[in-house]
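What follows is subunit A paired twice: with subunit B in the first complex and subunit C in the second.
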Partner chain A sequence: MIQLLHIELFKIFKRPRTYISFGIVTAITFVIQLAMLTDGKGFVNFALSGVNEQFDIQGNILNGYLIAYIILQSLLIHIPLLVALVAGDALAGEANAGTLRLLLTKPIARYKLVLMKFTGAFIYTVLLIVWLAVVALFLSLLLFGKGDMINLKSEAFVMILQDDVMWRYALAFAFAVLAMTTIASMSLLLSAFADNSIGPIIATMGIVVVLTILSNLELPLFTIIKPYLFTTHMIAWKGFFDAPIPYYAIGRSALVLVIYTIGFLAATVWYFNKKDIKS
Partner chain B sequence: MRMLLGLIFPDAGQIFIDGTEFNNSRRHLLGKIGAIIERPDMYGYLTGWENLKMFATLSDKHIKHDRLHEVLEIVGLKGREHDKFKAYSQGMKQRLGIAIALVHKPDLLILDEPTNGLDPQGIAEMRGLIRSLSRDHGKTILISSHLLYEIEQVATSMIVLHKGRKVTEGKVNDLLNPDETLVDITMTGNAGPVIAGSQWAAGLVAQGDNSFTFKMNPAHIPALNRWLVGEGIDVAEIRSRHSLEAYFLSLTDDSITAHRAV
Partner chain C sequence: MRKILLLCIVLAGTLKVKADDGTKLFYALRTKILTVKDYTADVKMKIDVSFMRVPQLRGTLYFKAPDKMRLERNGGLSMLPKKNINLTISNLIPSGNVTVIDMGPVTVKGKKLRLLKAIPEDDMANIILTKIWVDEANLVATRAETTTRNDGTVIMDLDFGHYTNYGLPDKVTIYMNVKDYKLPKGVTMDYNDETEATKAPKSASQGPQKGTIEINYLKYAINTGLSDDKFGKR
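Moving on, here comes the complex of A and B:
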């Protein structure tokens, strides 16, 4: 299994397209940082315009922690696409290239191939999130410095002391890995159905966009199904920047995502085990 | 072919390879088989060496670098192994496919349309390689092809399938009746009446302006040629059609649609 994984990672990271995702994350992050460097003060003043009438806020508000939070919120819809680029291609890309045929004439159990693909996509997801942490958080800290973090919410704002922020980011990034792993497992399932990778990538994005809209619509019909949609739980990482932190709600969201991930993976193994390879 | 390798599942029935039922021993049997199905598709962004090494690792056996060099030598790719796969010609891709099929020293090689997409030189090289693998390396090779002429030149036994059913099976030499060979002769002058009144008329199966087709044993071609020249008929061309093709047509008695020869 280790050898299989080694081969899978070799294939993923030998392919130029893998690095597109890292490039996109870097580019988007850099653009936001550049915008904040040039006009960040105006943005903060605008964001705090209601608050400033009642509070006197001093210190370095436009700091790396705030910028990282803004970047993470902006990238919420993009990261699933970048994960789908690899996970959606995992099986369908092999089918399209014809290599799946050769792979399955080798003495490998099909379920092992699926697990290998999933683990490869998981490691890629972890590295992508780690890279996001490096460019969004550490580079922002380098450019904007440290300071107390302000988390502006619709009905309140939370002030987090600068010594109290880093561990929250660590947990938020860990949660992001879990959420993106759910996306990866769904994308892998769609990949098993298809013989070209465009379909699973577009389908993943379509599902994420539609379910995210449903998760955010405050209509009675959708309120009933909301708790069962994984997209509702993908944004639970924001809870780590609340006071107090809603650990129970975050834990429940994590459990839902784990159940979805296992479900998608089990369905992929079941389907792929009986799939006729005609490509 | 795909069914033999577990790529698609049969609706009914069982597959036995070397006396072992396939589904119960899939991994064990696949370890003893090397195969190319249709095209030798590999990872274009990797080199030939990287592709070979990767698939060698997947064969579940510990394969040393020496063996990789050895199979590259056998298939004639030595010196080009560090080129990207996407830069390979179709013939080189096919040969790398055979190297991958061979690398784990399988007992059985399954080659599905091994000459597909090859130019005439590539086809000749592939024919030589297949012969060498059988003769010099003692491999049992199962080939499926619609190029009957190629099969006729390399196969010792064959199965003819038509519309999904086995039509016949046996040694090529036993099955092919030399008396059934079709011989096309192009000649000048009005040869028709001369031939019609001769002993050769019995074998005449088709007649054009200057071309005549006989069903006969190729051993009699020199005698026929001598007779025609003796009758004052100039022979422009004599061509015997491949007997496997004629045999196949005689078995199936309709257009060549679906068939496999082994």
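Moving on, here comes the complex of A and C:
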């Protein structure tokens, strides 16, 4: 099993496209940081206009913690694509290259192969989120300094003391790993259906985009289905920046994501076990 | 007829004396408050506004008469009510010439106080009317209710202890009107946790809501000659 994992990781990290994701995360982060360095005050004034009318807030509002939150908010919409680049390619890429049949001639159970592909995608996801934490949080702290963090919700203004922020980020990034693992498992399932990696990658993004829109539309028609969409629960990391922290709701969201992940993985194993491998 | 006229004169005289007493008391109180030109105080501040979730803030509050105030929080954010709603009693009592109406003695929480109504003679002043509950024995205002032209009504409760001689409170509670706050959900992309605890209470109307700010003054340094530089924008 360990050897299989080594091979899988070697394959993932040997490919240049794997590093494109890290480059994209870095580029987007730099762009947001640059924008905030040049025009951050205007953004903060706009966002705080409702509060500024009544309270005079002074200090380093535009600090590293707030910048990291803004980056995380915008990047977690794009990261599913980057996860799909690897997870969507895991089985379909092998089929496309004609190595899948060869691989399955080895005495390896198919479910083990799927689990190794999933573990490889999971490790890649963890590394991507860790890299996101490094460039989004630590680099932002370096550029913008520390300070109390503000979190603007639609009906509330939340302020978190600077000594109380770091552990929230640790939990938020951990939750982001869980959310992206769900994406990886879905992408792996789609990858099992295809013989070309483009299809699963695009399908993953299509599903994420459509479901994210449904999750955010405030229409009674979608209210019933929202709790069952995994995209509704993917943003539960934001709950760690609330006061009080809605632990029950976050736990429920985590459970939904775990169920989805296991479901996608089980479906992948089931389908791949009975799949007629032709290439 | 002569008796009625005499009674009216005596009554008018009594009221005049009472009004004079109230005016004297008001000016004496204001003079005492204005003896504090500046102070630096270690404070604990609690903001209780429906849409704000702010933890208790500790910091140093700088004040310089007549209206300069700044909260410094060792690298953290500081929040103070804007405009004329200042955290000090000197900004809630009218300045200049004032017409004082003595409403007589009242008992609040078992304590005998004197209620004064002060109306500024300047028609353009932001303060329209201030009701002051005065502890005559210590010459301090324990409550002020100020109706302003632009900032609604502000109520301030003051508890005194260690700095009564300067008319500086140990604890101040300010009740003020706050406007509603809302950002589009499409912008904030809120996580809908569906728990009542994290939801901002819905106001019955979209009108102003009440907010409370509680400040505990732990230690004062009074009249140290603070420079204006302390109050510049940071």
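In the analysis below, the second predicted complex is superposed on the first by the 279 of 279 C-alpha atoms of A that agree within 3 Å, B and C clash if a C-alpha of one lies under 4 Å from a C-alpha of the other, contacts with A are read in each partner's own complex, and residues count from 1 in each chain.
In this text, contacts are C-beta pairs under 8 Å (C-beta built on N, C-alpha and C of every residue); 3 or more make two chains touch, one makes a residue touch a chain.
The model shown is predicted, which means the values in this text are computed figures rather than measured ones.
Once the complexes are laid over each other on subunit A, subunit B and subunit C both fit without any clash.
Put simply, more of the residues of subunit A are touched by C, taking subunit B and subunit C as the two choices. Contacts of A:K11 after superposition: subunit B is touched, whereas subunit C is not reached. Minimum Cα separation between subunit B and subunit C in the superposed model: 42 Å. Shared interface residues of subunit A (contacting subunit B in one complex, subunit C in the other): none.
Subunit B contributes residues 2, 5-9, 26-28, 30-31, 33, 35-46, 50, 54-55, 57-60, 97, 100 to its touches with subunit A in the complex. Residues of subunit A touching subunit B in their complex: 3-4, 7, 10-11, 14-16, 97-99, 101-109, 274, 276-278. Subunit C makes touch with subunit A in their complex at residues 51-55, 70-71, 73, 75-82, 178-179, 181-195, 197-200, 233-234. Within the complex formed with subunit C, the subunit A residues making contact are 47, 50-61, 73, 146-148, 150, 152-162, 164, 216, 218, 226, 232, 235-239, 242-244, 246, 248-250.
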